[in-house]
């Protein structure tokens, strides 16, 4: 068996799920991603004992070493190396291991803020889970069908949020200067209200502000709630298309 | 009339709704379930008088005795006894009466926590109401049609919730260490925000956290709100299929 | 012109909108309903001056006199008197004027509570607005198409709300006995949470309660949000049916 | 090249996007609108330094001068001047520049309130962005298809909000006179609750009020959530119509 055949066999395991070896490799990487996310989450809990921190640190070291090995393997077996390295998942794979090595070689200790930034970058590992999900292609198809409508409603939403922010600032700034001091505060209120989250940290108290909120919600709820319905009906259309193609 | 015919006649009453006897039996059991749920609810109210507690206790004893009789009857008339006992509703029927007998024979008094666990188990009786609902099969059909989409959106939701949790922890942990101390706190915030419940117990106060919340909601509301639309359109498809089959 | 023709002519004006007289009659009654609702609303504002109260009282007297005249007219011109009197709108028309006469003859002064009950009954006048809306029939058609699904989801919602109430009571009652004292308190929390209103008056604080809320919302939001989608798609089906019938 | 040809050439640039000059003109105006909205937002932040205020003021002067030039240009090249001046966007264009000149000539200094009113009017510039969005026509088409349903649900929503307001006032006014003093307060609660925003500033505390809220939400959530679904399905119908026309 020559070298090329050997590489091809590894590529078959690493890049595809057709064999039991391929599925095992995939599932192992998948488990490692979940484990690394789990340790990332636990390490943010304040007041952990030194022993626990040390244990979580070593779990992280092991996952990063395995991710590094996997990254090198994928580079090695890729038909075109540069294509993998600069692909979406190639970059994500690198970002998932880079922070560890940056900290190892002292770059992370420059500044507490940078340390935290690079630690957060690690959660991008979660995006790699998508590699294992074929159904995403179907969603992409649906999004393409209704791309124009989604852009239109996104623009409409932004305009509505801005108008809402300026309006509520006009009505409430005099009475609640600490909560609606500027249109920027109004923007926060507009986002929280039009998405119907409604934390209750800021809300109108004047009669004018309340009537304005009423009129805004009568129109606004619709604008925000229509896009999910559009995508849902596009997904059923995408399924119909797929069925037609396959039959 | 021999014994087999006699059992068959009881089975006809217990398991089917074709005769008025069967419907009466079903409706009586249904009423008993509602009564037992009602007494369970009332007994949790603190500060009840001894007389009321005693009365509710005896109502419960009666319902449990009747449920026990019903359970034995169903075991007795079942074509294959083991099939009923290990079926979903067979287990539920047993769980609905078991806590009472465990407490009667002293097992419930071991620990206050166990007592409460077994009391809560009783509410599973409510699931038995489903036995009387034929339309559930239609929903199951719709769920099968769009199973893949639902799994995809469930996975997308989980990823989004995790990214949201890590993001808000990054932005808010320095300013609100008591509310966003770890990514676990962020997860609670992410669930409450992306479902648009918005209790208002935790919310971002920094500029970065608010902009992050805005971007998150623009994408997230859609991801959470699409699945109901998918199931709704699948239900209308399931009805069309059913109509075609029946005609 | 004999008496019958005279009654028929009035009936044509009172019951239909084909002539300009009929439309004027309808619009006048419509305006009176809005006026009476407006005065009802204003009279609930505490601290009104005696003059204002007196003015609002006289506006109410005039509207009630006109409604009484209208009620008598409808009785008089109805083809079958008893059919109108015992019809839905006949009862509403009577309920809209009855409280005034009950209070006039002293019955309202028996008790402050009764007074308030009968005053609130007046708002049922608003339901009379539906008489003027033809499109409601279309909605009724859509509701008939998906009646079974709506009942199923209503039942599912009730079961889910009850399970949620019992679950949250189990997790939170020990830590927050004042807010989750009984399953009844849990029911209020379940309604506010599953409808995504989320006032923030009660919310889980324990880890178990939060994980339970997360799992509940993942399933529950769907159950609550599906029925509107079902009715929306049924309405488009109802329109298609109507178009087919008319062409 | 005579005068008419010259005007026609400018009109081609100003009113259409067919040439690169037209697109550049459009994009430049678009950028100016965004810049003026940005400065409007920043100027509302309290406690800005004199230097920053002065800088933002001059940016505003420049944008207004450019908008004035654009307005004159559009008047000049319009085929029928009066048609542009009294068109929707003609009025908006004038309203976007008028406040500045009113203030310049001292009218804005009459009263602080008027000053704020005219400043808020400037945000109507944002509506001009719609001129550049072709997909809006598609939404208008969908809205026309389901106009009747939307009006019906708007009327239903208003009736429901009023009934909710009167109901909650009846149940809560005695216990919470400061929060549910009149039906007007009830209206605010009804809007915030039925749209599921749920700020948490007012909520029922009595048993009767909570049961009323539960029944209201079971019906009300549906009424409010159906219109977005109707428009979503109408949009997919509008697209199908458009495709049929184009093929």
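Descriptive notes on the structure:
So that you can tell them apart, the chains are marked A, B, C and D in the order they are listed, and the count of residues begins at 1 in each.
Everything that follows uses one rule, which is that contacts are C-beta pairs under 8 Å (C-beta built on N, C-alpha and C of every residue); 3 or more make two chains touch, one makes a residue touch a chain.
Every value quoted in this text rests on a predicted model; they were computed, and no experiment measured them.
Using the contact threshold fixed earlier, the set of chains in contact with both chain B and chain D is A, C. Placing every chain at the mean of its C-alpha atoms, the farthest one from chain A is found to be C.
Between chain A and chain C, the superposing rotation on Cα atoms measures out at 180°, rounded to the nearest 5. With centres set at the average Cα position, the gap from chain A to chain C is 43 Å. Averaged C-alpha coordinates put the centre of chain A at 31 Å from the centre of chain B. Among the residues of chain A, those in touch with two or more other chains are 187, 196-200, 225, 228-229, 232-233. Contact residues of chain D toward chain C in the complex are 148-149, 151-152, 155, 159, 162-163, 166-167, 169-170, 173, 177, 181-184, 187, 193, 196-200, 203, 210, 213-214, 217-218, 221-222, 225-226, 228-230, 232-234, 237. Contact residues of chain D toward chain B in the complex are 196, 198-200, 229, 232.
Taken together, the chain A residues at the contact with chain B in this complex read 37, 40-41, 44-46, 116-117, 120, 123, 126-127, 129, 133, 135-136, 138-139, 154, 157, 187-188, 191-192, 195-201, 224-225, 227-229, 231-233, 235-236.
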